[in-house]
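There are structures below to look over.
Paired with chain B in one complex and with chain C in the other, chain A is shared by the two complexes that follow.
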Partner chain A sequence: MVASMFNAGVLRRTILVLGLLIIVVLQLFPLVWLVNFSLLKSGDFFGSDVLKWPNPFQWVNYKNAFTLGHVPAYLLNSAIVAAIVIVVTVIVSLMLSYVIARIQWKGNVVLSGLVMVCLIVPIYSTLLPNFFIFQKINLIDNYLSLILPNIAFLIPISVFIFIGFLQTTPRAIEEAAVIDGLSLLGIVFRIIMPISKPVIASVGVLAFLNTWNEFIMAITYISSDKYKTLPFSLIQFTGQYASNYGAQFAVMTLIALPSVVLYMLFTDQITNSLTAGAVKG
Partner chain B sequence: MNKLWMEKRNIAVLIAPGLLFIIGMVLLPTAVALYLSFTNYDGVDYNLFNLSNYKEIFLHDSIFWDALRNSILLGIAFVVLQHPIAVLMAILTTHAGKWERPLRILIFIPSIISTFVTSQMWVSLLNVQFGLLNRMLTAVGLSSWKQDWLGNPDIAIYSIIFVAMWQGFGYAYLLYYAGIKGIPSELYEAAIVDGANKWRYGRSIILPLLMPVIRINFVLAIVAGFKQMETVFLMTGGGPSNSTQFLGTYLYSRAFRDGLFGYGNAISILFIVFCLVVTLIMNRLLKKDVGEF
Partner chain C sequence: MKKHLNALALIMVIVLVVSACGNNNGNSNSSPSKASDPATTATTATTATTETPDSNKKVEFKFFSNNPDRTGGQGLAEQKLIDQYMSENQNVKITVETLSPDPQFQDKLKIYNASDNVPDVTMMWGQKRYLDPLVKNNALVTFTKEDFAGQGFIDAAFDSFTLDGKIYGIPKNTDFLVLFVNKKLLADNGLEPPKTQGDLFKITEKLKGTDIVPMALDGRDSWPLALLFDAVVARQSGGFDLYHKAIDRTGSFNNPDVVASAKTIQEMVKSGMFGEGFLNLDYGGARNLFGQGKAAMYLMGEWEMGISSDANFPEDVRNNMIVIPWPASDDGKGKTTDLLAWFGGGYSVAAKTENSAEAKKFAIWLFKKENWAKTVWQNGITFPAQNYDEFKTGKETQVQNDLTNILGSATIFSGANSQDLFSTSTAKSYLDAITEMMASKSTPENFAEKIDAIADKSYKEMNP
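Here is the complex of A and B:
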């Protein structure tokens, strides 16, 4: 009796897992196809096979992707923009959220209302006016034209995440620090910043993903080769080298791969940062 | 007294950078967009200042209203199709034992890849000549179902909606998964002791306790439908014949394709207004709180 119940449970779970796996395979199949075809000759694209064993493996596609797509240079630009956005977003948001969460003063109502409204404003509603403004003040085609709007639109969500954290943190340490004569700035940078490390990591990951994946502002504001970011590597292959399918697929795989690897390595941290903003509401 | 002044100065120092970013990069552009929306600015100069852009949008511009309809359609598709599947998958994976973690990681993979990569990938997948979808239809003997998935104005919008749901599925799933994990496990033990099976537990305990999360995610989904731009931008750019325009792509097309910069700014302003109104309405409608746990 006990054994048969156990078996029924195992059977049910096996069916459940198999069913879920089938769904997941269907969901991920486009990516498998992408990687597969990134190793084929462009001529092989017009067969009828769903998947095709590369014979031989066309690693030259990856070489072409790297050179024709200017991957190293554009990757570096993306990294520069992302690094600056992450650092500034974390510091600015932490400072702002400390005032909203901890200090009782009359400006808080206006301040938190402002942050709330900015959370709703869609980033691309500022695309045209910023294009206009950046042209007037000579910021167009510059790292700053990507950095500044990205930071501004990351601040609201980051502030909410920080406030959520500060509300669950006891004030005892800060009170002791005040008695010891530490100033407000000292408290934020010497006390709050070190204990917020996990939340800072969450906000940092969120800032990284948003900046790394942004491309509409990039293609609108950037035209010189020396400021182009990673999306341009792919865009090269939708225009200039559009018929080089193999290299186009290789460049997509190349761009996707680091994200997937990083996600595999830091699954829990990334999951935390993506859910921190929404679940708490 | 001196100390008090110091603190005031410190508060100012703490809020100044954030405030500057918000004012300079959100409020100022919005004000500039509002100003330009009253003009016929074409990228160089303008000689009118009136309400004609808004008049045109409200009285004659059917593409604008189609774009709005597409946004609503996408939001509804998220809520009616994507989210129920995400909730179900989230509940089911928590019963998958040692497979729970691998499944959770795999399901999220499409969402971690940049939108510009997955969008371009789907352009290839839906390609008429070498795309995977038409290939598979041939493979299972349904050649007659083959389509120009992005080139046919009648079906392009559904292709876009499908791809947007595919891209966002991992994220929707993850939010529900995290919500379920936030429910204390003692509740499960108590329910089992009281004689409930897993199905009953899922329906009578998990779902009601998940309601606040579902509510927030519904608001986010509808707003995401309105904010959609990136996927469409790369896949169709709003075409064919404007059948897949969304507010974001439409303002871009108007400004940079047609050179109607003032008009594009009027769309930007309405874009903001709609997002604010929709968020407010959704929050009001769904403001029915469930007990804390």
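Here is the complex of A and C:
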């Protein structure tokens, strides 16, 4: 009796471990595959092997990525754009969501409605109008032509997340601060900002991932090498027909690396960001 | 409160959608009005060309290419010549913008056209559906055949860039459909390269049970399937008139030869000629299958001639590659000298830019035979639309020589392939219909009726 119970426990545990193991393998496989194929010759692709030991290792793919793919220059551009987008998005959406969540005034309903509406605007419908506008005001082919629309698309979702958080935090601290004579901006930046650090981290990560992977706006608004972002490295190796797959995989590995590292560092925040807005809408 | 919020959000959505539609209409209304004002744009174009450019004036213009890789292929040829031109003309600076793949390139070109911002020199496709919007917007300069006199152009090459008797682009390649063959793989199985379509079935039969795919075919992109269809129809009907006439509506696809061709193709699929799941095999997949020695033949255009010198593939495969034309019909009606050849790609020059005249000068220089034709041939990049005999080095690969022979011995050229002749919106349904037929989802008879209806729709769209 005891033995069978013990067995049942072991069995349950084994099944659980096995199940989790399968999930781990499924999750990790694309990454392993990506790294593996980034070290192969283009001619080895589409073969019958799922994974193939590189013989010899094609480090030249990485060399090509760095030199011909302009990875360092484009990486810098991506970093500049991402950094500005994150900072501006966080500050602006925090202020905006404070207004919507805490201050009672006439335009509140309209304002929150507007933000909600912006959530559903598809990027594609804005490409042509934005191109015309940027063209007119000389912002085309410029960091700003990437930064501004990226921020615009991130604000609604960030505000949504911030409001969800603010509605769950008690007002007592702010009331105390007002009594002690703190100004409105003071409340936002000296009280709300510190207590919403975890949410700010989630919004930051969300903004980073979105900006980092953004491509359709970049190919529409950017034409000179000077402002191209990382995804352009990838198409650098696209031929008209066949492509240099090895180098493309090397670039993809390099692009994925910051995201993977970031994900490892901020796992909790990213998971929170997915649920933060869901508590109260 | 929440209810109000929801209602408001809904109203906002509706307002937004409605106003967005309104804006769209406004835009589409405004662009034809812009186009219907040719007088002003035409005069600016002529003043630009009649202006005598000062040779010491700093000139800067943009070259828009669909080849991001500037170290190989056509990107290399472009870059070499651009660099040469800049060193010969110190006052000229040419900046290159690249974008790939082609659909993205074409989208961006549309945006440039809509905003009157077409780059000075741009990659262009010689089909009405690509040229028309730019020509209507007076965005392109015209060339005359005299501009290229003595440069050895194949006369028919300009046809696809000609609209209403005016030339809007310079053709850069001659493209034609061929069969790459791994002769050792065939010989090992006691087989010879096919001479007739019947031989193809024999090869397939013999290779059954081995791991070898008889013919690698990129079925994921539907355009190679349409080329196969063109080739089979040409052999069945003994020429290329059938689809030309069907598309310009002096004939019809609803024709016994089309039905018979579709039947032949379906038999090819059933016999396993293209291997299992070829409809999921993409361009690189099919190419690698052949390059790795896992397929005996490979159906593709001449532009893959570099495959026999691609160091990514094993040497014993590369050394045994030959090229043959698509096999003749069994009854001898369709000959191998009927060649499915077209002149798809080229360059156009923008009319509305500041340095339009200088850019035109560069484009004409680019196509002097010792520039483009020599560069692309001697670097084994592609077949120019010009005569390249005088640039032969004697070091050409077997594949290059085979291709030269096929082109040289061809007596009838198709001039265009069928899919290029359709309008933008119908080209996709045409390709889908062919894919469906090859997946045996439609009978040959249904297929013929279907593509005939598509051809009719296309004709009406292109000739309103």
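Criterion: the second predicted complex is superposed on the first by the 236 of 281 C-alpha atoms of A that agree within 3 Å, B and C clash if a C-alpha of one lies under 4 Å from a C-alpha of the other, contacts with A are read in each partner's own complex, and residues count from 1 in each chain.
FYI, contacts are C-beta pairs under 8 Å (C-beta built on N, C-alpha and C of every residue); 3 or more make two chains touch, one makes a residue touch a chain.
Please read all numbers here as calculations on a predicted model, not as lab measurements.
With both complexes placed on chain A, chain A has more residues touched by B than by the other of chain B and chain C.
Once the two complexes are overlaid on the shared chain, A:43 sits against chain C while remaining clear of chain B. Legend: residue contacts after superposition of the two complexes on their common chain; A:152 is shown touching chain B, with no touch to chain C. Applying the stated contact rule after C-alpha superposition, one finds that A:236 touches chain C and leaves chain B untouched. Applying the stated contact rule after C-alpha superposition, one finds that A:20 touches chain B and leaves chain C untouched. In the superposition on chain A, A:68 makes contact with chain C only, while chain B stays out of contact range.
In the superposition on chain A, A:128 makes contact with both chain B and chain C.
With both structures placed on the common chain, the touch criterion links A:8 to neither chain B nor chain C. By the document's definition of touching, neither partner reaches A:76: not chain B, not chain C.
After overlaying the two complexes on the shared chain, residue contacts for A:114 are found with chain B and with chain C alike. Across the two superposed structures, the residue set of chain A contacted by chain B and also by chain C is 45-46, 48, 114, 117, 120-121, 125, 127-129, 131-132, 220, 238, 245.
Contacts from chain B toward chain A in the complex involve residues 6-7, 10-11, 13-15, 17-19, 21-22, 24-26, 28-30, 32-33, 36, 41, 89, 92-93, 95-97, 99, 103, 105-110, 112-118, 120-122, 124-125, 129-130, 132, 135-136, 138-139, 166, 169, 171, 174-175, 178-179, 182, 212-213, 216-217, 220, 223, 226-227, 229-230, 233, 248, 251-252, 255-256, 261, 264-265, 268-269, 271-272, 275-276, 279.
Interface residues of chain A facing chain B in the complex, by the touch rule stated above, are 13, 16-17, 20-21, 23-24, 27-31, 33-34, 45-46, 48-50, 91-93, 95-96, 98-99, 103, 105, 107, 111, 114-115, 117-118, 120-133, 148-149, 151-153, 155, 159, 183-185, 188, 209, 212-213, 215-216, 220, 230-231, 234, 238, 245, 248-249, 252, 255-256, 259-260, 263-264, 267, 270-271, 274-275, 278-279, 281. Those residues of chain A whose C-beta lies close enough to touch chain C in the complex are 41-48, 68, 109-110, 112-114, 116-117, 120-121, 125, 127-129, 131-132, 135, 219-220, 223-224, 235-245. Those residues of chain C lying in contact with chain A across their complex are 4-5, 8-9, 11-13, 16, 20, 23, 27, 66-69, 71-74, 95, 97, 99-102, 104, 108, 111, 114-115, 117, 283-285, 287-289, 291-292, 294, 303-304, 310-313.
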